[in-house]
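In what comes next, chain A is part of two complexes: it sits with chain B in the first one and with chain C in the second one.
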Partner chain A sequence: MAIVDRRGRGDMRPWAFVAPALLWTIAFFCVPFAVMAVVSLWERVGTELVASWSFANYAKFFARGHFLQAMLNSLEVTLIVTVLSILLAYPLAWILAEKVPPRWQRIGLVCAILPFWTSYVVRSYAWVLVLANNGVVNQALQGVGLVDEPLSLANSRTATIIGFVHFFVMLLTLTIYANLVQLPKNYRRAAADLGAGSVATFVHIILPLTLPGIMVGAFLTFVLCIGDYITPQILGGNSELVMPQLIMLQIGRRADFPTASALAILLMVVVTLVYVACARWLKLERA
Partner chain B sequence: MTTIMGKSLLAVAASAGALMAAAPAMAQQELNALVWCDHTDPGLIRPFEEAHDVRVNLKEYEGTGTALSLIEQSRPGDWDVLVVDGIDVPRVVEAGILGELPAEAVPETIFPEVALEEQQVIDGKRYAVTEKFGYNTVSFNKAEVDASTMQDMTKLWEDESLKGRIAVYDYYLPVMGMVAMGLGKNTAELTADDLPEIRDTLFKLKDNAALVGEVVASQTALATGEVDVLVGGGEWVTAGLSQDNPDLDWILPEQGGVMWSQSIGIFADSERQDLAVEFVKYILSPKGQAKLATSSCYWAMPANEAAGEHLSDQQKQALRWDDQEEYLKNVQLYPAPDAELDAQMQDVWAEFLQH
Partner chain C sequence: MRAGQGMRIGNILAAFYAAAIYGFIFLPVVVLVLFSFQDGRFPIPPFQGFSLRWYEELLADRRLTAALVNSVFVALLSSAAAVTLGFLAAYGLARFRLPGAGLQKALLVAPLTVSYLIIGMGLLITFNAIGFPRSLLAAGIGHVVINMPLCFAIVFSQMGEHQANAERAARDLGAREWQVLALVTVPMMWPSLFASFFLSMTFSWDEFIISFLLTRFDVTLPVEIWNMLRSGLNPKTNAAGSLVFGISVVLVLMLELTVLRRRRPA
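This part shows the complex of A and B:
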């Protein structure tokens, strides 16, 4: 990898530049990951970790219906959140980029990221109060006579999804907005000159060109959502389990790190597969 | 330049002086305790700190698994005092975590029903003492639910009128113990053969439940009226809330309830053994016990009967002090499964959560 100069000597300067990032990645990702992979092959016996070197913890995942169900729940919730967040974030980013005067755009962006300024846990608990039987939503619905009895919104998958979407819409808005403002205005003018209406311009020009922004935001949403423990734990009311909750269950009382490690690695495999699929799809789109 | 530097030095010196002036408030020694949240009440800890000129560093945890992880990640000698679930004392003793407690640390006035010597005295050596106890039973809002309905535990999973009005405390041992008692089983004799019936009943309970939550979530749900009944609750949930909402009550159903307890001990490798023993003695003293019983995190019965002298009538009433004799006749201990059964029970609990 070393660059060879004319006299055949290796130039170590490129290594020196990448060394900090490389060391950081090795120390805080590669080594912990390797430790986790090793521990996933061990076993918890009583109060001790025994190096039994087997795939029993992985087999356990595929043998138990409720373990598989947790993965399925995680995927379902994450997909719904990602799709809903894109559908809500795109128009918001569009309005910010196209309809808001440039001098107001910054204020618009600050407003968009305001929810990030509050604690994630506090925000989740706030949603509990908003969605509770006697919360703001139910009081409003009952107040205008839309429902007689309060709707069961809190402590459910719906509540978890609402909490997630509230957070991730902002993230996606930023990535899509960044993409939209980079599009040259000439593209739209050229499309109009060639007789394309606004819908055709959006479908054939704007949308394909903003796909990278959508995909980057969607992938970030997917990764953060599928690995999140706080929101489903606070808002879901244990109406069902998702993978991070299942992992915490293994650690909470028995300190069963081997099973927890195996489950975490399986979750990472799913995230990696999604990343590969996204990258491949984007590559195909560009080709 | 010299003047600016001189002013800066003066400011540093003044800050150092202020810090030194504050030094008496900063204790000479430190004691590290791994505890449940009730021990973090300053009203409980400060008198000990002042009396011994010590700073007590408290690390709060939930679940013995978490405590074991923290201990595994620490260096020997880092911790001095451990508060642990009463049923887990043999487990931590087996792991070599707790050291022997001197006889003088144990008051003679501990309620005999909660002394739990079988768990705490191993091979003739005492490793822990019960410091607080209570019941995992049924808390409810008596303005919304009739007390007579709550007398029968089976109503929790059979009464359709309670659908969507129940919260379940997210801890498998007490709730599975309660369900076992509701099915007429003895918590001390549970085996793997009992689990299918318990699981089916838990599933029925989940069908009636609005949520399954940890301490804060389930307590909040009951306090805000989100639910009317909390399965696994007890005086530790309602005693602290009863001043604000007298309708919040708890009951031992006719099938009884599960008794929980927490124990205190000192680490075998503590480098401040004498101070740690003093801390244990303080917590078990009548005054310390009264403060612990009414700690800001949760209230529950003190293990030392002598604490009664330091509790007000209102506090005793909230703790149901006078009814304890009757209650203790109708309770069973948490199930104490071996490692294999424990893993099976946790699997059933995960299925229950997933149901």
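This part shows the complex of A and C:
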């Protein structure tokens, strides 16, 4: 409810509360974004940025095979990670919500997401330790005689996907669990009374009702996964570049900000398109 | 009878599945921490015995301890700024009718939808253009950009009508605006302010890409650990990673025990 304005219409007090945050966002988020959009139309000549005002950097994206390939790699990895993470996280969330006594659920959940709080860098490094040629997994496999030669797991797309799935299983367990525990127990009883078996109840009642939780988690996974540089850089190596790696290459090697800006904006366009496609389900959650 | 048996098999399968996923989730962390105590030169099996020498090396490493102190400073200051700005904006938008409030809210939470890499890059290009040097200050500014939307959203969602009534009462009794804010609203909003502060702390503490792009000589801990990775697998990196993980876990457990516990039904 609005407070009755005691000083008449010209009262500027409310603005004093909102202005600092708004100005901060404009200065350090909107302006940099505008600068990036402008720079993406420039080009780098020698060590100088030249205002050439052309879409050459965007044209380059479609003309150069390895630029386009990086986007395809990004989409492929992100899609695989999202689907795998949902498939692995859903049963765990369900077990936590259904099979675990209520007083233990919270502890189970906190444990399930504890490694979530390791930093990106550390988590990826830890997976290198696990997947390295002489790492834990390979030594264990060789120890029990399953393989003779170490599997080259590190520095591959598989390693990137494992690293990502590890992170997002935790995230999705959280969002799906939150959705599952909100479902009234009566729905299940009603379904049973009407003759539905446990499988039918799950397919027709539980699964549709948890779709919002899945979609929110899937969207978060998509956004965070497609924008991440660390995991593919540490675990995937340089064989199959994804977009963030390509962007960082432009900045790091050549300080080519125009190309990097154009690539970043193209990446944002893709994320926005996915958001628009998912918006229908994302809104459901608020209802 | 058959149903009971099916149930039991289902429970056993569920237990196996849960154990497998928990194993997957904890495998890298356990390997990381275990081999930080490795009494040998490589953080890979076999485990050669328990030793604290890598932690000693860690504490003797000037660059690393400096990075740790830098990280703590950046996390504390940027979180304090993010919570303050986010809280004031939430108060203004929850308690007053402002023109274009919907647009303002959308603008304030917009950075949440953009990846850190792009936010960091935009700041890098802008700072370059105006000649603002890469520094801890620049990284801190970036951390406020990513954390303020979160603080705003958390505090805004918790600003209810009963608190507005208490504020009105205080005003009727003659409190000035700043007194209402400092003596009534802040104490009432304490749990969500605390929660947003600690969440910002953990995000800032772990953040890599913005710090990587915006710092130069003085760096934060994740950037220093990234630099250590170049030397390949090394128990010292394990020790540094375990330390970062340990501090993050302490922050999270503090949040869990202080703030979230109150919301739990008794």
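Methods note: the second predicted complex is superposed on the first by the 250 of 287 C-alpha atoms of A that agree within 3 Å, B and C clash if a C-alpha of one lies under 4 Å from a C-alpha of the other, contacts with A are read in each partner's own complex, and residues count from 1 in each chain.
The definition used in the following text is that a residue touches a chain if its C-beta (ideal position, glycine included) is under 8 Å from a C-beta of that chain, and two chains touch if they have at least 3 such contacts.
Only a predicted model underlies this, so the values are computations on that prediction, with no experimental measurement involved.
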Identify the partner contact of A:G197: answer first if only chain B is touched, second if only chain C is, both if each is, neither if none is. neither
Is A:F29 in contact with chain B, with chain C, with both, or with neither (first, second, both, neither)? second
Once chain A of both complexes is superposed, is A:N155 in touch with chain B (first), chain C (second), both, or neither? first
Please work out whether A:I251 is in contact with chain B alone, chain C alone, both, or neither, and reply first, second, both or neither. both
Chain B versus chain C, judged by how many residues of chain A each one touches: C
Mind working out whether A:A70 is in touch with chain B, chain C, both or neither, as first, second, both or neither? first
Which holds for A:P208: it touches chain B only (first), chain C only (second), both, or neither? neither
First (chain B), second (chain C), both or neither: which does A:A132 touch? both
After superposition on the shared chain, which partner residues are touched by A:N238: those of chain B (first), chain C (second), both, or neither? first
For chain A, which residues belong to both interfaces, chain B and chain C? 128-129, 132, 134, 234, 251, 257
Applying the document's contact rule, which stretches of chain C touch chain A when the two form their complex? 11, 14, 17-18, 21-22, 24-29, 31-32, 35, 43-45, 85-86, 88-89, 91-93, 95-98, 104, 107-108, 110-111, 113-119, 121-126, 128-129, 141-142, 144-145, 148, 152, 161, 164, 168, 171, 177, 202, 205-209, 213, 222, 225-226, 229, 233, 237-238, 240-241, 244-245, 248-249, 251-252, 256, 264
Which chain A residues qualify as touching chain B in the complex? 45-47, 64-67, 69-70, 128-129, 132-134, 152, 154-155, 234, 237-241, 245-246, 249, 251-257
Write out the stretch or stretches of chain A touching chain C in their complex. 1-3, 13-18, 20-22, 24-26, 28-33, 35-36, 39, 88, 91-92, 95-96, 99, 106, 110-112, 114-115, 117-123, 125-130, 132, 134-136, 139, 166, 169-170, 223-224, 226-230, 234, 244, 247-248, 251, 257, 260-261, 264, 267-268, 271, 275
Chain A contact footprint on chain B (complex, rising order): 62-66, 68-69, 72, 91, 94-95, 164, 170, 210-213, 217, 220-221, 224-226, 339, 342-343, 346-347, 349-351, 353-354
